[in-house]
Amino acid sequence: MSRIDGRTPEQLRPVTIQRGWSKHAEGSVLISFGDTKVFCTASVTEGVPRWRKGSGEGWVTAEYSMLPRATNTRGDRESVRGKIGGRTHEISRLIGRSLRAVIDYKALGENTIVLDCDVLQADGGTRTAAITGAYVALADAVAWAQQKKLVRAGRKPLTGTVAAVSVGIVDGVPLLDLCYEEDVRADTDMNVVCTGDGRFVEVQGTAEAEPFDRKELNALLDLATVGCTDLGTLQLEALGRTEPTN
Amino acid sequence: MSRIDGRTPEQLRPVTIQRGWSKHAEGSVLISFGDTKVFCTASVTEGVPRWRKGSGEGWVTAEYSMLPRATNTRGDRESVRGKIGGRTHEISRLIGRSLRAVIDYKALGENTIVLDCDVLQADGGTRTAAITGAYVALADAVAWAQQKKLVRAGRKPLTGTVAAVSVGIVDGVPLLDLCYEEDVRADTDMNVVCTGDGRFVEVQGTAEAEPFDRKELNALLDLATVGCTDLGTLQLEALGRTEPTN
Amino acid sequence: MSRIDGRTPEQLRPVTIQRGWSKHAEGSVLISFGDTKVFCTASVTEGVPRWRKGSGEGWVTAEYSMLPRATNTRGDRESVRGKIGGRTHEISRLIGRSLRAVIDYKALGENTIVLDCDVLQADGGTRTAAITGAYVALADAVAWAQQKKLVRAGRKPLTGTVAAVSVGIVDGVPLLDLCYEEDVRADTDMNVVCTGDGRFVEVQGTAEAEPFDRKELNALLDLATVGCTDLGTLQLEALGRTEPTN
Amino acid sequence: MSRIDGRTPEQLRPVTIQRGWSKHAEGSVLISFGDTKVFCTASVTEGVPRWRKGSGEGWVTAEYSMLPRATNTRGDRESVRGKIGGRTHEISRLIGRSLRAVIDYKALGENTIVLDCDVLQADGGTRTAAITGAYVALADAVAWAQQKKLVRAGRKPLTGTVAAVSVGIVDGVPLLDLCYEEDVRADTDMNVVCTGDGRFVEVQGTAEAEPFDRKELNALLDLATVGCTDLGTLQLEALGRTEPTN
Amino acid sequence: MSRIDGRTPEQLRPVTIQRGWSKHAEGSVLISFGDTKVFCTASVTEGVPRWRKGSGEGWVTAEYSMLPRATNTRGDRESVRGKIGGRTHEISRLIGRSLRAVIDYKALGENTIVLDCDVLQADGGTRTAAITGAYVALADAVAWAQQKKLVRAGRKPLTGTVAAVSVGIVDGVPLLDLCYEEDVRADTDMNVVCTGDGRFVEVQGTAEAEPFDRKELNALLDLATVGCTDLGTLQLEALGRTEPTN
Amino acid sequence: MSRIDGRTPEQLRPVTIQRGWSKHAEGSVLISFGDTKVFCTASVTEGVPRWRKGSGEGWVTAEYSMLPRATNTRGDRESVRGKIGGRTHEISRLIGRSLRAVIDYKALGENTIVLDCDVLQADGGTRTAAITGAYVALADAVAWAQQKKLVRAGRKPLTGTVAAVSVGIVDGVPLLDLCYEEDVRADTDMNVVCTGDGRFVEVQGTAEAEPFDRKELNALLDLATVGCTDLGTLQLEALGRTEPTN
């Protein structure tokens, strides 16, 4: 059985990672997972939120948003509606947690990095593309902070790579990196965030129709682990590095 | 090693489920998981949201909230701040999805059931207690709707039981049903929602400090499956039933 | 003529006052006036709002809210609507003013006590039950503050008891402590807040249909005074005290 | 003892009522109680809010607001803050209830009248001036609706006059119609709304410092009744009428 | 051809400027351009917004609003809707910029002046009347600040007069100071803000139907320049001055 | 004198217009004016807003926004702050008015086109780039609607081209198309919107420091007219057309 776009079940969509897409941001990436395009910027500021002052530790946070016409039908702007929806909140928090998993707060020192992930075009997997791209922007921002001596010499704020991918069961078959059309038809939908060494940062699986059993869960986790490892390789290539920490 | 409150790693806290706690709601439950107390009501109304009208199918949704002094330190009311926080949004959505997993929309017909889960006292696991209690309130509300003939004779809107429990790794040991103090110290925190037959509805695991490996994940899933099965038995006992569907 | 629930016109509904209903709050009470149940917590924090800093005086304030299904028909959550309604504002302010009437700010010192009154079930008289219950929670919180030495030795922040009751004219007969069904049918509706010595803190009377004359007003004030005195006795009993100040 | 502005305790401030202050509104009045100036407009629209449609009955509602510099110190605009404060809500509701007390909904038919009361300058008693002025604007709006045949021939939507005045106890002396300086110093503050025949529509008394006893309450009610009667006479004079109904 | 109200094309509506309309504000003016009436107050406070502290320079800002029934049909209050509309924002910013054009921040010192322009009755040209009136209120507020020694002796914070007027092309004829009926019918609508010496502070022209050519633009600018000069003369007359600076 | 980036005073920055940048939108353009990059999408929906239903006429509106890190320093998201700022409102309205100037509503029929202009990178002139790019997206959307028969055969909803450019006086020299650094230093700042035939749709000039005289105004208008004509040529080239209407 081949997929809508001809891929095999365990194949990622074509991934492109363009760095330096913004002249202002300390790190910036335009990432695409097939037709899903997310613009990720990393903004560094000295200092930390009030509740963390004096701790000697830094902070990393994220905000996710979709442009109104990123999707097939135009959605309302959350700024115009005057409030952020639950889905946006949820994904912003997920991205922030995922990236903080590879940050050594002490090494970062009292600096804050904000990741903005704005979806320019959506075709499934926007949150996983956002995490994967944001990591690259974050790595550039950390390097910038090191160069500007905001981070003390010898300190390595990044402890590894982190990437994310979606997996799901469509017509009984576990698939990697669902496009929108597959996502809509999936019985089970799971987003997995892994570090480059194959360990889990986040596992979020949801039964859309039927509950899933342990065997299905295992098959999905197997697929996701391989997908994240592949993405980790692409991230390092984009950064021109051979090892994740800096 | 014994736990803070003397439990074994695979032991639930004492669970109590009191039905009929509201004279107004079609279903109502005061559930406690140890010192965590959640008041769950199920409200039935004829009709469905606009986007579902004419489908012949029903709808189930949920809202979660904490009273300001449910926690050790008083928090601001979200109504006073004028917006709902990301955590509240996320949990409300989780509860709704979890309960919809055991609903046959067609059998329910064009009726809406809203679950309100208000945390009166928090000591860890408020979302899992909410899901577990809300199921019982939902079952009573469905029975009410059947009796009032809002649901057609012979139809069984409930397809099974659903319960939830938290698991986590504290000091290297996988533990079931974390209390607040354990939750704060956990390296990995996972909430698992299962149906009574041991299949998964939601799996949400987060590495708080270190990423977790596949072996740890498996140990947590094992614990959670047993915990949910036990909760399913308690739910049926509370309902005075021997089989989940009605 | 006897009332819907068999009471005489000058009879209160059964009142229960359970202290210590929360393990976190410095004072907490579950109060019921018949089927009206309000959960009141008192939270003590050191310090006062900015406008009062350096005055040497404390502050007491209150927030009132109804759970969405406290009433016969489910109401929207104010947090979800994103703003607090006029009725909620009005009652929160009333509770705060009522309790401040028995507080000696200087004796309290620069501490703040917030009373949260959440209606779990409504059957008329929610604001009067809230005031009456909040007083008991406040008394416990003040005692806690004294014990923790937040209040200076020998100081008595509480200057007396305060309780509240509703009165109204139904079918020409003045009645004490209206339940919901009576409240709906009342021509005139009045909420009266009194100190234990029978003096008035608040008098709020509203003609629902016909304006009321001075004679009717007098009859209602007579009833309310007696009702508040009875409630004051119940408050002291609940607190296990013989005199109001502490 | 004479008052700050030389009045006797039972004397109103100079009251002026100018009708026709807006070329657009169906009724409009600039009322002053001494230095308190409120601009009241009455807007008539055919139809009623959704919840009242088909009832054959009309509706009257009110909105109160203060210009930011109506007071001695500039206050924030509620539109800029993005929400209405509790005090504004409370007064808007009071004005609406007060005017509805003299409206025969059936005679009004399915028409809505909105009273806008905007305080241009505040010197105490803004809500009582607002009610008193809004009545006159309402009377003009009702007359307009009768003339335009929105109200059926022979129907008299207005059932009487309604006016309001503040009273309070300052240095032990009950005073009528407090100016701001007196209001600040008052131990007890009461707003009373009466119909022209001396019956009560609203009684709202608050102990600012010491609770008040029944004797003091009686003295205040006596003063207020006389004050409202005097205001009723001034309202009819302004309208050029000898009897309140139309 | 004569205009709706009999004016010639280059004639202003009758303009009245009443100073001292508020007992509280440091400067206050009721200005009318025909039937358009705007109440302008200027509030002086010591200190400046945070971003300007320590600069030695002052700040001037403005807020514009319409009473709900200033127009022919009642509009919703922005405070009730919970947000300010684009038009209100735009005009508030325009008024602020216009007045800042004649302020020497250094001479003003670290003081803030807020201009509130509330439209009591609208008949076209509310923003231009607001600017013209606000200038007079500002001049009075500056004089007050000088007298109270908030401004250092010898300093002249006002550098000139500023006034505004609308112009437009109706049926091919350029007209000065449009009333509402003309404004609705205009093909091109322009608001021009000038200093007393005929220079431009703001030029905002909009083609309502057809784009306008350079010749039409020139004709409108000619008219506006004359109108603003006339208004400058009226402003000085109202202030009882012969020269703009103080 | 040459400019910061070596341009002559009357020279535009390099302009690029890439069509088809979104797979979902009916029209989409990535436009750059030097380092200013704006992503413009045009979304077509059948039907019009309620107030226009049954008119047989269409509607065109626009929303402008900046990504948080489009600028040198990260700005707060308006969705997170919960309200749209005055500047955003003002620019959204300007874009909408500008594009409506070249639309024949009757020819468009009861269809709505929404232009979303999201600034990805800002370096001055974001609103003028947005208008210029949105026109091209609009033209593509209109062509799509014609092809899909939403627009009746033979109807030409577009009546011409529209483009916008900024002009300003820096160090006494009138300059075309200011970059950010020039904009900050400009004494006078003007945005001009013209149709392809050199007529004005909007003229918005603001004195930043000193008021400007008529001669300066004329010089700016001369520059802007030429700039807009050049942009009109580039728009037609991008669309591959020789005449603006379609």
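Residue numbering begins at 1 within each chain, and the chains themselves are lettered A, B, C, D, E and F in the order written.
Everything that follows uses one rule, which is that a residue touches a chain if its C-beta (ideal position, glycine included) is under 8 Å from a C-beta of that chain, and two chains touch if they have at least 3 such contacts.
Chain-to-protein mapping (UniProt): A, B, C, D, E, F = Ribonuclease PH.
These figures come from a predicted structure and were not determined experimentally.
Asks: Any chains in contact with both subunit A (Ribonuclease PH) and subunit E (Ribonuclease PH)?
Replies: Neighbours common to subunit A (Ribonuclease PH) and subunit E (Ribonuclease PH) are F.
Asks: With a Cα-based fit, what is the angle in degrees between subunit C (Ribonuclease PH) and its identical partner subunit F (Ribonuclease PH), given to the nearest 5?
Replies: 180
Asks: Averaging each chain's C-alpha atoms to get its centre, pick out the one most distant from subunit E (Ribonuclease PH).
Replies: Centroid comparison gives B as the farthest chain from subunit E (Ribonuclease PH).
Asks: I'd like to verify one number: the distance from the centre of subunit D (Ribonuclease PH) to the centre of subunit E (Ribonuclease PH), where each centre is the average of its C-alpha atoms, in whole angstrom.
Replies: About 33 Å separates the centre of subunit D (Ribonuclease PH) from that of subunit E (Ribonuclease PH).
Asks: Could you please state the distance in Å, as a whole number, between where the Cα atoms of subunit B (Ribonuclease PH) are centred and where those of subunit D (Ribonuclease PH) are centred?
Replies: 51
Asks: Specify, in ascending order, the residues of subunit D (Ribonuclease PH) that touch 2 or more different other chains.
Replies: 82-84
Asks: For the complex, which residues does subunit A (Ribonuclease PH) have touching subunit F (Ribonuclease PH)?
Replies: It is residues 22-25, 28, 35, 39, 41, 43, 45, 63, 65, 67-72, 74, 77-80, 82-84, 88, 114, 116, 118, 120-123 of subunit A (Ribonuclease PH) that touch subunit F (Ribonuclease PH).
Asks: Quick one: in the complex, what on subunit B (Ribonuclease PH) touches subunit A (Ribonuclease PH)?
Replies: 83-87, 89-90, 92-93, 97, 101, 190, 194-195, 197-207, 210-214, 217, 221, 225
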